[in-house]
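Here the chain labels run A, B, C, D and E in written order, and each chain numbers its own residues starting at 1.
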Amino acid sequence: MTTAAPKHTPKMAELSLGQRLAPWMPVLLVPVLVALGALAIPQTSSWLTLTVSGLAMGMMIFIMASGLTLVFGLMDVINFGHGAFVSIGAFVGVSVLLMLGQMTGAPSLGLNLIALMLAVVGAMAATGAVGWAFEKVIVMPVYGHHLKQILVTMGGLIVIEQLIIVLWGPEEIYITRPEALKGAITFAGAALEKYRLVAVVVGLIVFAAMRFVLRRTKIGLIVRAGVQNGEMVEALGYRLRRVFVGVFIAGSALAGLGGVMWGLYQEVITAHMGNDAMILIFIVVIIGGLGSVEGCFIGALLVGLMQNYVAYIEPKAALISNIALMVLILMWRPMGMIPVVKAK
Amino acid sequence: MSEPILKLEGVYTNIAQYHILQGVDLEVPKGAVTMLLGRNGVGKTTTLRTVIGHWRAHKGRVLFDGEDITALPTPLIARAGLGFVPEDMGIFSDLTVEENMVLAAIHGPINSARLDWIFTAFPPLKTFWKSEAGNLSGGQKQMLSIARAMVEERKLYLIDEPTKGLAPAIVSTMARALRELKEQGASILLVEQNFAVARALGDTANVMDDGRMIWSGAMAELSGDATLQERLMGLSLDAHH
Amino acid sequence: MTDPILRTQDLTVRFGGHVAVDAVSCAFQAGELTAIVGPNGAGKTTYFNLISGQIPATSGKVFLRGRDISGQGVSQRTKAGIGRAFQLTNLFPDLTVLENVRLVVQSHSGRGFNMWSMAAKHREMVEAAEAILKRVRLIDQREQVVSELSHGNQRKLEVALLIALDPAVYMFDEPTAGMSVDEAPVVLDLIAELKSQADRTILLVEHKMDVIRTLADRIIVLHNGALAADGPPAEVMASDVVQEAYMGKELEDV
Amino acid sequence: MFRSILSGDMPRSAVLSILLAVIFACLALAPFLFPGVRSIDTAARICVFIALVASYDLLLGYGGIVSFAHTMFFGIGAYGVALALTHMGRGFDAIIVGSVAGAVVAALLALLIGLFSLRVRAIFFAMITLAVASAVAVLASQLSGLTGGEDGLTFKLPRELGPAFKFGTEMFGGELFGVKLNGKLLAYYLVFAGALVLFLLLLRIVNSPFGRVLQAIRENDFRAEAIGYRVVYYRVAATCLSAAAAALAGSLYAIWLRYVGPDTTLSMELMIDILLMVVIGGMGTMYGAVIGATLFVLAQNYLQNLMGAASGLVEGIPVLPQLLSADRWLLWLGVLFILSVYFFPTGIVGRLRSGR
Amino acid sequence: EIKIAHVYGKTGPLEAYAKQSHDGLMLGLEYATGGTMEINGEKIVVIEKDTQLKPENGRALLEEAYGDDEVDLAVGPVSSGVALAMLPVAEEYEKILLVEPAVADSITGENWNRYIFRTGRNSSQDAVANAIALAGPDVHIATLAQDYAFGRDGIAAFKEALETVGSKVDYEEYVPTDTTDFTAAAERIFNAMKDLDGKKKLFVIWAGGGNPMTKINAMDPGRFGIEIATGGNILAAMKAYKDFPGMEGATYYYYDIPKNPVNDWLVKEHEARFGTPPDFFTAGGMAAGIAVVEAIKKAGSTDTEDLISTMEGMEWETPKGKMVFRPEDHQALQSMYHFKIKVDPNVEWAIPELVRELTIEDLPIPIRNQ
């Protein structure tokens, strides 16, 4: 073939060190914050406790937020209903656990984990199914309209919360963790709840799995492109609707997983528990940068650490620590730390 | 002559309350370049969009390779073997050039020989392979849009005003690339305002006005007849060129 | 020669490592029509963006009537007399054609912060807008919502907005791209008219050589971001840069 | 005359005109048409919310700016009046000082937030307003010495606006068409007139050249800048105006309730209600505020009663009575949210105007 | 016909409490009228009004009840914030508002007016009872509460009460109301307490979700010899107490504790009708219901002034035994129960076993409305 065009030689200059470092800055924030914490907190054992449990709390937040990174970050759907999926996940998961009282009551880690696994599977199946219906009925007509999304998903949230009350009753449900996950591990004068270790493992699995799927498949690309110009994606031959539905289901199922984990952490679940966590979840997704699993992950860790340090140093300031963190990060990077999708 | 690759039979298309296409008939022969010409706003773009399924014909039929695709969803139409270069280029500006191309290659990894061929025609795509497509210059976006359609073999290419915004040198390489596509056996339906390109590439020509096809015939006949051009398109093309 | 109305001095912008506009110094005289040509990606649109303020320059300065305006924002520069039409259509999609133009007229009249009178009562603005729509042959579409216009008509509206703004310096970025052969001359005639009757300074990016030949007083060539040639049309067109990097082989030889 | 009261912005739909006229008449004559404490309370709330929602429409529908701090401004106005009445005594001077101060503080705060964050992307502004609003809500509940904390403030109005004040005893014998002429009636008309004036003012603003610029900015801020409008200034101005108007609506609310508290004036829930009223009514139409607020407040107040009746009807059928039980009114409000966005994508006003 | 309005947060976050309160009220009316729901031949009609837990609604609904529905008196609401907004309405309409179960001290304190009565306990009663239950020689006490008026008032009352029994608080910790992670608070408390000698107790006052006790417990406070203590709660919440066998505190009601005919009837009827034992707020609701009937019976009319003079100093029997409306501030004085937690795997929740009944005479409750 002979289709040669004229030479094309745009001028390139060297990048400065700062420019080359820029992509790595967010990753560095976590150790920097840990180091700052060490400076501000004189008691080493307290610092250690706060750091480790803060990171673990970050993982838990990440699990809840991971679904929203997909739905809000990638698909650009401002889903206030996400909190409702967290709640459903918690109720279904806890119901399963209560049914498996034999397994959770036994002081065997293996049995406990199997029970937990079953609860997670049940919860994810339930939230995935509800997510499917939610997308079909509620979200589908409002792609691309943020305001309507807020309202419609708000409506969906209320409906789901009320249905939870109809099904499970208005009372709070209390649950205790599986026997082997109660209590703490103590080391070097620091204490770490055992349950948080489970959260760390689950969080890492979710993180790795999401990264894998988004890097190795075109799904992430299709969604991002589809949000911008769905017609064109279809003209390339992709069944965009199916991909959107699939991603929405995945996001909802992840919220369900988050719900189980969060419910077991709180040990008390209410219909509006998910919604109570929503502001935090939104903050994490936004400071991470829309659409970025890595950003969301780092953001969640930062939030977890920040909360603990600030609450220790000055409890009054804890009220605004998350908000301050968000404002600072957005002032530094208005698009969030690692933006994948450009926000409008 | 063999069966045409694409055939529109009395297609009517409405957009909202407007009746845009009013009985368009069109045949695109296999292995040839077919031009679709006409003034602004006569319905050329609407015709292409009706073929790909972005607008729906509410009357008439669209046949592709002998199959009725009138009611098929867009993704299936595309997968039947259509490549589409929209008028507004349809660039995914948040994605990099590479990601745009990867998405366009629906059947798997990009064939590297084909990619090299695309790079020789449109060198900036290679230079800015990892850059965000939204930051490309106007002409570079146009190149990307065409390249996307060409990244894999298609039976038929629908191309809406590909040369707008391209520098003359690139226009020639693009024209050559299209010709090479044709030589590989593909068919092309091309909307074009640049008459030089139309004349150089077109085998047959169709002229639209006001939602109807008003003239169809060989390109040579049209380009040779100034009065015909005057009558069909309001202006002699040669005079302008 | 008189003082130039617009002048750029070592104007440079870098995107990451890519130097898109490379130390361009150039002056434009009042009443002159300058064509800017160059291959795709040469930096023409970016050069416009730097002049009108859409993108901040990495270094270098822009002067308007001898005053340094490098620190000013887009709207300030617009008010100062730099007007701009866009290569990729960029309108108010859900407003009507008339309202699009009327808004420009209103901006020109400086009544933007008037919160008390009724916009609809200002007949003179509506009339001015309609006059311009007549000139670009869009008057029949005046009540149509812009997003429903065909591509070519949107291009015309783009030109109409710039004319309504009536700046000292007009910058057209491929105004006729996508216009049909019978419509393009209308716009080109308008540009010619601006130049000869209103004595306006015009910067024109175009890829159509015949257009440049008939309209331009002067051509500058940008290549890889740098100023590669500057001079009268005939001379520049014949130069090697233009022939090699820009024109390529003539189509007929394909 | 009529035209210029409405700033030339006519309803442009027969059904809409009738609806508006009916709502206007009902509100203007509420004490006579619907005597009863509850119904007048509902009418007064409708008035306040019309003004509040209209002020939000200026920002959202015309300016295209998403703010979550609107209730904050509303609350500032309410607390302004509450604090003035608590500290200056129960006089009209306190009401005036309180509402003016509230409006000024609200506008200044809006100016501050706007200059700081309106230069950046829309979502940034939305998040900042969310953050500031929740910080202020927390502050209000923390500074319990000043604001009464979670419990809020209860205060007394001038005697002339309370039920104990009777007038017209000589002329009408203290009653007109069976309605007692007392301070409560005066309070209602104060709220009604205040809301009406605010609404007409806002209507004027959106139809001025300024309002048109806002629309242009909403459509395409990039291009608005390129035709010579300094986008930030316009956005900030719109934010301040709308904040001040919201604060005034808040003052009216405080006057009516004789109570302010964080849940009543500052909550996120209220913010969502406002959003919903704007969208159901029709964004960027102003009249949407009237329709949206009226419908929504009515639904909030009477849906429960309606459902009580409905669940009585289906007694005996499984599950249904439980779903229709009056306690589940929120469920149906949620369903209404969804349906209204479905069936009125351009709002009720948009729907009526397009005639489809 | 006697009309009573029950104005309460029927829907909204405290729905569960609301239901208990209402069931209790109805049972109380039924019990006191011997099942006839009539007083002196007049039928009792209860009108329910849902505040949705919003103060402004509370006001409007109470006005509607007094003004449009012309009820004789009103009962409610659940939340203190709503109650405070409603108090002036009672004064305006000169009708009685019987507050149940909102607890804020200021309802019968600074914001009180003579139309307000309260059958529910107030925060001071909780605080004093807990102080008596916890204090002892050589006991060090730290407190944890939410950082807003309710939490701070509660701790203040608790401290005051501790002083009356000759003890004091060694360390106070306040955290934001919506805190979910208590690691930092626990660390601060541990650091403050670990070097003290003797018994160490951490007293927790918490309203709503969040459940700090188990979370702090999971950090093994036993390492530093710290025990956690708190008051009673609804049965569902008592499940979480299973992690704290032996924990002491003071509660307002647990169905198995009071021994009297009223409570026996309540437990039996409740089990029969709802399949569960009566809960925390059921008892209060019932006390209010009985109080209404008793007062109207004794006053012989529903005239507000007659009712007020009857009710001031009125004594009546409730599931919690005798209650008395103190004439000064109309607060019902009542017994509280010092408990110790017992865990029985066959019972869903942890059982608070009675250590000692703290009777009216044992509890010095300050009068705060002067």
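As a convention for this text, a contact is a pair of C-beta atoms (placed from the backbone, for glycine too) under 8 Å apart; a residue touches a chain by one contact, two chains touch by 3 or more.
Just so it is clear, the model here is predicted, and its values are computed rather than measured.
Peer 1: Just to be sure I understand the contacts, which chains border both chain D and chain C?
Peer 2: Shared contacts of chain C and chain D: A.
Peer 1: Chains in contact with chain D and with chain E: which ones?
Peer 2: Output, common partners of chain D and chain E: A.
Peer 1: Just curious, how far off is chain C from chain B if you go by their C-alpha centres, in Å?
Peer 2: 28
Peer 1: Could you put a whole-Å number on the gap between the CA centroids of chain C and chain E?
Peer 2: The mean C-alpha positions of chain C and chain E differ by 75 Å.
Peer 1: From the C-alpha centre of chain B to that of chain D, how far is it in Å?
Peer 2: Distance between chain centres, rounded to whole Å: 53 Å.
Peer 1: So how far apart, in whole Å, are chain A and chain C when each is placed at the average of its C-alpha atoms?
Peer 2: From the centre of chain A to the centre of chain C is 47 Å.
Peer 1: Check each residue of chain A and list the ones that touch at least two other chains.
Peer 2: As it turns out, chain A has residues touching two or more other chains at 5-8, 10, 165, 319.
Peer 1: What positions in chain E touch 2 or more of the other chains?
Peer 2: In chain E, residues 15, 147, 176 touch at least two other chains, as defined above.
Peer 1: Among all residues of chain D, which ones touch two or more of the remaining chains?
Peer 2: 138, 328, 330
Peer 1: Let me make sure I understand the interfaces: which chain pairs count as touching?
Peer 2: A-B, A-C, A-D, A-E, B-C, C-D, D-E
Peer 1: For the complex, which residues does chain C have touching chain D?
Peer 2: The contact residues of chain C facing chain D are 52, 54, 73-76, 78-79, 84, 86, 90-95, 99, 102-104, 106-108, 111-122, 161, 165.
Peer 1: Along chain D, where are the residues that touch chain A in the complex?
Peer 2: Per the stated touch rule, the residues are 60, 66, 120-124, 127-128, 130-131, 134-135, 138, 272, 275-276, 279, 283, 322-323, 328, 330-331, 333-338, 341-342, 345.
Peer 1: Which positions of chain A touch chain E when the two form their complex?
Peer 2: Touch list, chain A to chain E: 43, 46, 49-50, 53-54, 57, 165, 169-176, 182-184, 186, 191, 193, 195, 265-268, 270, 272-273, 276-277, 304, 307-312, 315-316, 318-319.
Peer 1: What does chain E use to touch chain D in their complex?
Peer 2: Touch residues, chain E against chain D: 10-11, 15, 50, 53-56, 59-61, 63-64, 66-68, 80-81, 84-85, 87-88, 92, 104, 106, 111, 147-150, 176.
Peer 1: So in the complex, the part of chain A that touches chain C is made up of which residues?
Peer 2: Contacts found on chain A: 5-15, 19.
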